[in-house]
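A short worksheet on the structure shown next.
Note that the chains take the letters A, B, C, D and E in the order they are written out, and that residue 1 is the start of every chain.
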Amino acid sequence: MALLDVDDLSVTFSRRGQRTVHAVDGVSFSVDAGEVVGLVGESGCGKSVTSLAIMGLLPKQRGTRIGGKAVFDGTDLIQLDDRSRRDIRGRDVAMIFQDPLSSLNPVIPIGLQVTEVLTRHRGMKGDAAAKEAADLLDRVGIPDPRRRLKEYPHQLSGGMRQRALIAMAVACKPRLLIADEPTTALDVTIQAQILELLKELVRDSGTALVMITHDLGVVAGMCDTINVLYGGRVVETARRRPLFAQPRHPYTVGLLGSVPRLDAGRGERLTPIPGSVRDLLPWPEGCAFAPRCTRRIDACVGEPPEMVPTHDGRSYRCVNPAPLPGSEPVVPADTRREEDKA
Amino acid sequence: MTVTTGKKRDKIDRLAELAAVRDDERGVSLWQEAFRRLRRNPAAIVGAVILALFVLVAVVGPFFVPYGATDSIGIREGVVKSGQGIIPGPSGEHWLGYDHQGRDVFSRMVVGARQTLLVGVVSTLIGLAVGALIGGIAGASAGLGGRWGRWVDSTLMRFVDMLLALPSLLLAVSVAALLGASLTTVMIAVGVVSVPVFARLLRGSMISQSNSDYVLAATSLGVKRSRIALTHVVPNSLAPVIVQATLTLATAIIEAAALSFLGLGNPDSTIPEWGVMLADAQPYLGIRPALAIYPAVAIIVTALGFTLLGEAMREALDPKLRK
Amino acid sequence: AESDRGDDSGGSKKDTLVFGVAGDPKVLDPSFASDGESLRMARQVFETLVRPEEGGTKVTPGLAESWTPDAAGTTWTFKLRSGVKFHDGTDFNAEAVCVNFNRWYNSKGLMQSPDVTPYWQDVMGGFAKNEDPELPPSLFKSCTAKDATTVDLAFTRVSSKIPAALMLPSFSMHSPKALEQYDASNVAGTAEDIKYPSYAMEHPTGTGPFKFKSWDVANKTLTLERNEDYSGTKAKLKTLIFKTISDENARKQALRSGDIQGYDLVGPADVEPLKGEGFNVLTRPAFNILYLAINQKGNPKLADVKVRQAIAHALNRQALVDSKLPPGAKVAENFLPDTVEGWNGNVTKYDYNPEKAKALLAEAGATNLTLRFHYPTEVTRPYMPNPKDIFELLSADLQAVGIKVQPIPLKWSPDYLNATTSGSAHDIHFLGWTGDYGDAYNFIGTMFDRPKDEWGFSNKPLFDKFQKADTTADMGARVELYKELNADVMTFLPGVPISHSPPAIVFGKDVTGVKASPLTDERYSTAEFKS
Amino acid sequence: MFRFIVRRLLQLIPTLFGLSILLFIWLRRLPGGPETAILGERGTPEMRAAIRRNLGLDEPILVQYGRFIRRMIRLDLGTSTSTKREVTTEFLQRFPGTVELTVMAMIIAIGVGIPLGYLAARRRGRLLDHLSVGGSLIGICIPVFFLAYMLKAIFAENLGWFPSSGRQDPTIEATRITNFFVLDGLMTREWDAAADALWHLVLPGLALASIPLAIIVRITRASVLEVLGEDFVRTAEAKGLTENVVRRRHVLRNAMLPVATSIGLLAGGLLSGAVLTETVFAFSGIGAFVAESISQRDYPVLMGFILIIAVVYVLVNLIVDLSYSLIDPRVRVR
Amino acid sequence: MTENEILVEVRDLKVHFPITRGVLFDRVVGHVKAVDGVDLDIPRGRTYGLVGESGCGKSTLGRALLQLTPPTGGKVTFDGIDLTRMAPNKLRGMRRRMQMIFQDPMSSLDPRQNVESILTEGLHAHGIGESRDERRRIISETLDAVGLPRWALSRYPHEFSGGQRQRIGIARALVLGPELIVADEPVSALDVSIQAQVVNLLDELQDNLGLTYLVIAHDLAVVRHISDVVGVMYLGALVEEAPSDRLYSEPLHPYTRALMSAVPVPDPDVEDRRERILLAGDLPSPANPPSGCRFHTRCPWAQPTRCAEERPVLRQIGRSRVACHWAERIASGELRPHRVDAELVRPADEGEAPGVVSAPTEPGSYV
């Protein structure tokens, strides 16, 4: 039994006068204790919505529908009532967000923002809470923590803010930590610091981590298992080495081909994915990636492809996956559209 | 294996294109886009309908009124004795009855619509013109930078702050006191009140536009400063100003009424204007409250129309809501 | 204060009358007052030697029981009531009368400013030593206390004003002790910045049925209480409060909601409705005149009497009176109300006749006449409840006979008054007059006895006749002269008298005992709550 | 903080300086000039000339301006031409009433506006939301004096629930200390006097509150909606805080920032509103006094009023900014 | 076109922004030294890449180079012409030869202009194209070059996707036929898949048109991918400049080393093997830069001598230029890195204080 089992999670937003958005469309993955799981994908593929749905943090507005299950330690987080969910949030499952400045309350000192978690979940008050908060800040590498407690977010640099956010998240030693693009807003050198800190925390406390990012490099260094999302669905799941060594889904292949590698030589052309994320085929009508896919065949349209598990412990959602080295391509990529806007 | 049914292929292409834009349509500018959004907003439609009616009445109404708006028929015929508290109410002949001077209220309401519109529009235009001038100069100087530019800007803005520090009423009163009571005075007084609002708005919006990347882009293209100001900065700064002008129209009508109430309005009540009618009706509230209620309701509804439309425009033009 | 109120609650509210007035009094010493609210308060706290009959204008005994002129008509002997005490306990006697008159007569410095002692200057002209050479010599000459209850007032000449003018509250008797104690004649400051002494602001001390208690500027209330030692009939009310509510509608609403139990300056339109609701609306006899003034200097055409006659015939005064004035208003035939002796029913009358007006204009060659018509804004006067409306009607009438009208609306004070009473930039305008006391000279004399910018004419025979009337000591002869004068004026037609309108005053449904006075000399001491 | 206050007070100087120039010009441009304003209708040309000499109107303009400024600095606002009392004294007597009224209006506007705006935002799109948005639209569009009349006609005249005029029942004998009637009543333990004074504030307070109330409802609603969508609220939720803590500590406090700014801006408007409301309710305050002065053309009073208003406006905004810096630490650093 | 001809020469370029503060009228209380003495040469037809942390002055350098921000000091020579001394009118004429591409494709396009007018604006400004048809032709060619369809002309920016908008931005720059293009973060706002398209496009255009690029980005991998020479900036100055292949294989400056080690590579093997040089703390404020070597407060190799006192200048070491006193000894392994304690860095003030200034314009008025 995994720590978190997300099963067929789907989120739709519908609003009058606008098309219904299937932001998350049957996502399933699981996270074991102590494991680091990555969710990767381009902007708009549903990463954040997935994590928010698990946390029960989606904006409460009419027209938002959540389906499926997210079983954490035996309880389905989706069906939970508000009260018990609040009990679990911050204590057993914690979350870190992308933009550290806007994610911190600008008018409340850092100290209170940390201690309020301790008060809420660990019943700590006054000096005890302050001391614990200072310890936490110290642990995430904020210098002179006692003084920082009285300061406000705007007085800290970006990196320090993110550290403070992490301190709040790990205050109650959660068993699951979800980090939604925790380093996107930061410089590489700071990103390296934060990633290192996260790794350390996970290693030391055995917390499971769901790492959401669009940066393949980040997952390559951190995650044990990686789920690639496209158009609200997981299109490929694999342990990290096989995934990077032999990506099967054309989208994963495309992603890897799109990013220049620091260690590669100069002059090689990148192989971009044509089209843009806007060119989505609704999943029920086939593979959402089909309009941009270089390996598209007729079977891609009509029936949505199922997740296909393979012998080496991974699975992908494709009828014409990229070949493993040595095997023949199933179909030549002749269906590529001549005049692509790309 | 390579059998491709044309049907399926079409479908892909169709769907792919669905996401992109189609060839046959012309582009939709932001104004058009905003207008589309406006049309979908029920508040905007209510506001627009009210205003359309108002403008229609104001423009063509006076040609169709049954009686002269300044003709004291009731007194001539001896039926109105307001001095003795006798002001007949609605009848088949006089749909809204007589006013205290024995004039036909319905005719006055209709003719008054035109005057009211005139007061609202002219005073807003005065405020807009002066405010936009000050704000435009300040904004341009601030955007231009340099010691001089900053100095001009802060001097103008200090002046505007000063106007802002005066309550609108006092400002209007001062103007009215200076110029003496007349219709022109009312329009100027009400207009002056909105000067600081327009000035600040335009300046702020111009400065933020001047700092935007596309202005930098135009500069790097080698476009002249004056041209940039005219083709980029000003047009992009106008949206909030237009919204504000619509909202100001609403307040202008109310403010004109308040000035009349304080006795600073147009003293010539032979020109019917709703604010003047409302003020004139005060002594007769006890006898015929309707005399006050007609113009008051008309003012409220019209102001509401302008406000609804203005708010809806604000929403429609808001870049935050743009998608 | 708490114990005070304990009494109050026991004594039921029925002996406290809150009366709504339109403005704060300016000053509590009536010597310095000219505004109605100061005078209203003074009439309750002070008394004068002679006073108007209740509800009329006749001269009746006040603090003086009787008065007689000497043969020349210049010295008047007043026999005073005895046993009268001022509110501070001192006695009222002949001595006190002289102290009062000498105080006014010997005014110095700022007290000679027309702003400070308007009525004295109006009636008496000047002072013992005029500081301004422009001031006329004083009519008052001296005061002699013959014994405790007999006093002689000597005047420099015979005047129609005496004794009627002595009814004015400005000639109220003050306690000499209080005058001295509170420095009553020390008017300090500068002409632009007059500072009244504490007597005039806090310690008015008279002999009237009510004593001054407090003036709460912050709450805009002036509280008077019953003078338990009053020599006459004691006031029925224990407390009388004047509460300032400047807005006419607000006064009406306050009456309806029970905040106040009466108010003055009732809008004409409200008279009937209030009556209908059962309120006690009192209509004062019309003691005023509204007229259309014609300035013969303003437009040379106006010097032609035919043009003035045309204007008079053009005006539908009856329609105006019917529609705009309160019930009881009348079209004026003279420049004074018919209740004043000297009124003449036998004068030239100008009926509403547009045709005749047009003919007269044609005759005078003034077919293309454009007149600057001044009218005041933001004001209601007893004779003119709604100037704007009146203007509109009159102006429509004039236009109907082909006279073009250029409307010039002006603020009542000071613009309108300035513009219409000085210079010659005005053609026609309307104004009015409310009588101060019941003598015809107070109306027509004030208007036509000398050249005035308001009218722009000089008519020596007319002026001389006025002079003669003023100095005629014999009452009967004087009245005859007044009648002649009225006829002369209406023939000469310097302007068009329009109307007399009765101002109304209203009391609560359960308030009785007050009689309306043409001189606004209502006596609140007789007011009581019926129950 | 101290520097901030000093800075703001110093900023007052150019504003007042500019105003003084405007006022000076205004006073000189009066129809007929200042001497007419003083003399009124009784002036003769000689008297006018004398006054001109007295007032030094024949001196160079800069000298005159200098004297004008000196008088302003000494708070010598001259004498009211209509009441013949010093403008400063008049104001001191009437100011408390206006303060009481505006405070009452502000209490109503804030006390009702913020909760209503908050609830409307929480129940976005539901009946309450529509009602409060619609109501606030009407509140903005209804002329204040008309609303005042309506309130008075209904609640005072017809229903008789509230008094229709004045600041206190004149039959109550109340001791005056500060001229703040409610305060005086409390200080002297004349409870009935205090209660009556408070009672008299209700209707005018409501009328005066209409616009600020409407604006506060709208701003609060918009601001709460915006804050509800902020990332840090999500963070707070993610921490599992109770709804109560999230609302109070995270949402409301942040949502108050724009509301606080708008309250400062409304303060100036309230004084304008007081002119209308006090007139209708015969409420003895600066507003009614000014309305009378308008019709009497009492320029010294109007001028004094403008100066006082400008100072009050700046001071109120200073207070608002200070309170702002209490809520928002980002402002504090400067 | 000769190989290695220098098109742009930058000498000791400085851009200092005044920090103003004041009670009534603002006075200058200090300077943000956004660019503080930069020397660099860009050969014609080549790509010069500029990397560095956020706020280190990259964009400012780019703008100052194009004279869009007036430099405080130093010299910029373009094709032998000194731009810093040029009269504004002449400079406008020069702009035709040097263009800019912006980071945010949305905010750099006027939302009220359609694509056609965006593209013709520059043509008008320089009087290019005799007739309307001529201009149309130029525009069409440009559209083809950047891969935008013809129908795009009548459309407005908001109707395009991010990648397409960036293409419009590129087209706007290209339409004038410039020699130099300064691209400020041309791809950082784009999705990874789109990013590659744009990078390829830039490459292609350079090949076809012989353009010279100054590419600014904080993503080292991207910069290295498209650049011939890469300059690394730190707090307003270049700390290292090297041919792009050398930069990864042999970083000489400690900062460059740290930077290289911090960039994640999408390859688990590399990631697992990599030894991270973690820098302590944050970038110091450019308003108050550290003395001596700007980097010494965070440098794991900082030495007690020289580093804090003496500001190192760029020195040629092999094919690279480095501004480090100890570069050789670090490279040889003689000096070992040591632990550095993070110093707390205060972020710069963010915007004006709110208050009365931000008057909301609400309806409703008493008058």
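Methods note: contacts are C-beta pairs under 8 Å (C-beta built on N, C-alpha and C of every residue); 3 or more make two chains touch, one makes a residue touch a chain.
Small disclaimer: the values here were computed from a predicted structure and weren't measured.
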Both-way neighbours, i.e. chains that touch chain E and touch chain D: A, B
Partner chains shared by chain A and chain B (touch criterion as defined above): D, E
Maximum centroid distance from chain C, chain identifier (CA atoms): A
For chain A paired with chain E, centre-to-centre distance based on mean C-alpha positions, whole Å: 30
Gap in Å, rounded to a whole number, between the CA centres of chain D and chain A: 53
Chain centre separation (chain B, chain D; CA means) in Å: 26
Whole-Å gap separating chain B and chain C, where each centre is the average of the chain's CA atoms: 49
Junction residues of chain B, two or more chains touched: 20, 164, 167-169, 250, 254, 258, 263, 282, 285, 307
Multi-partner residues of chain D (each touching 2 or more other chains): 14, 31, 140, 144, 149, 153, 257, 269, 272-273, 275-276, 279, 295, 297, 328, 330, 333
For chain A, residues contacting two or more additional chains: 154-155, 278, 341
Chain C residues touching chain B - in the complex, by the definition given at the top: 248-249, 252, 267-273, 319, 321-327, 329, 377-378, 385-386, 388-389, 392-393, 396, 407, 409, 411
List of chain D residues in touch with chain A within their complex: 125, 228-232, 234-243, 245, 249-250, 253-254, 257, 327-330, 333
Footprint of chain D on chain C - complex, ascending: 1-2, 4-5, 8, 13, 16, 18, 24, 26-27, 114-115, 134, 189-194, 196, 216-221, 223, 239, 241, 243-247, 249-251, 253-254, 256-260, 378, 411, 413-415, 417-418, 421
Chain D-touching residues of chain B, taken from the complex the two chains share: 158-159, 161-162, 164-170, 173-174, 177-178, 180, 250, 254, 257-258, 261-264, 278, 282, 285, 289, 292, 296, 299-300, 303-304, 307-308, 311
Interfacial residue positions of chain E with respect to chain B in the complex: 25-26, 63, 66, 68, 92-96, 98-100, 102-104, 107-115, 121-122, 124-126, 149, 151, 154-156, 158-161, 169, 172, 176, 359, 361, 363-367
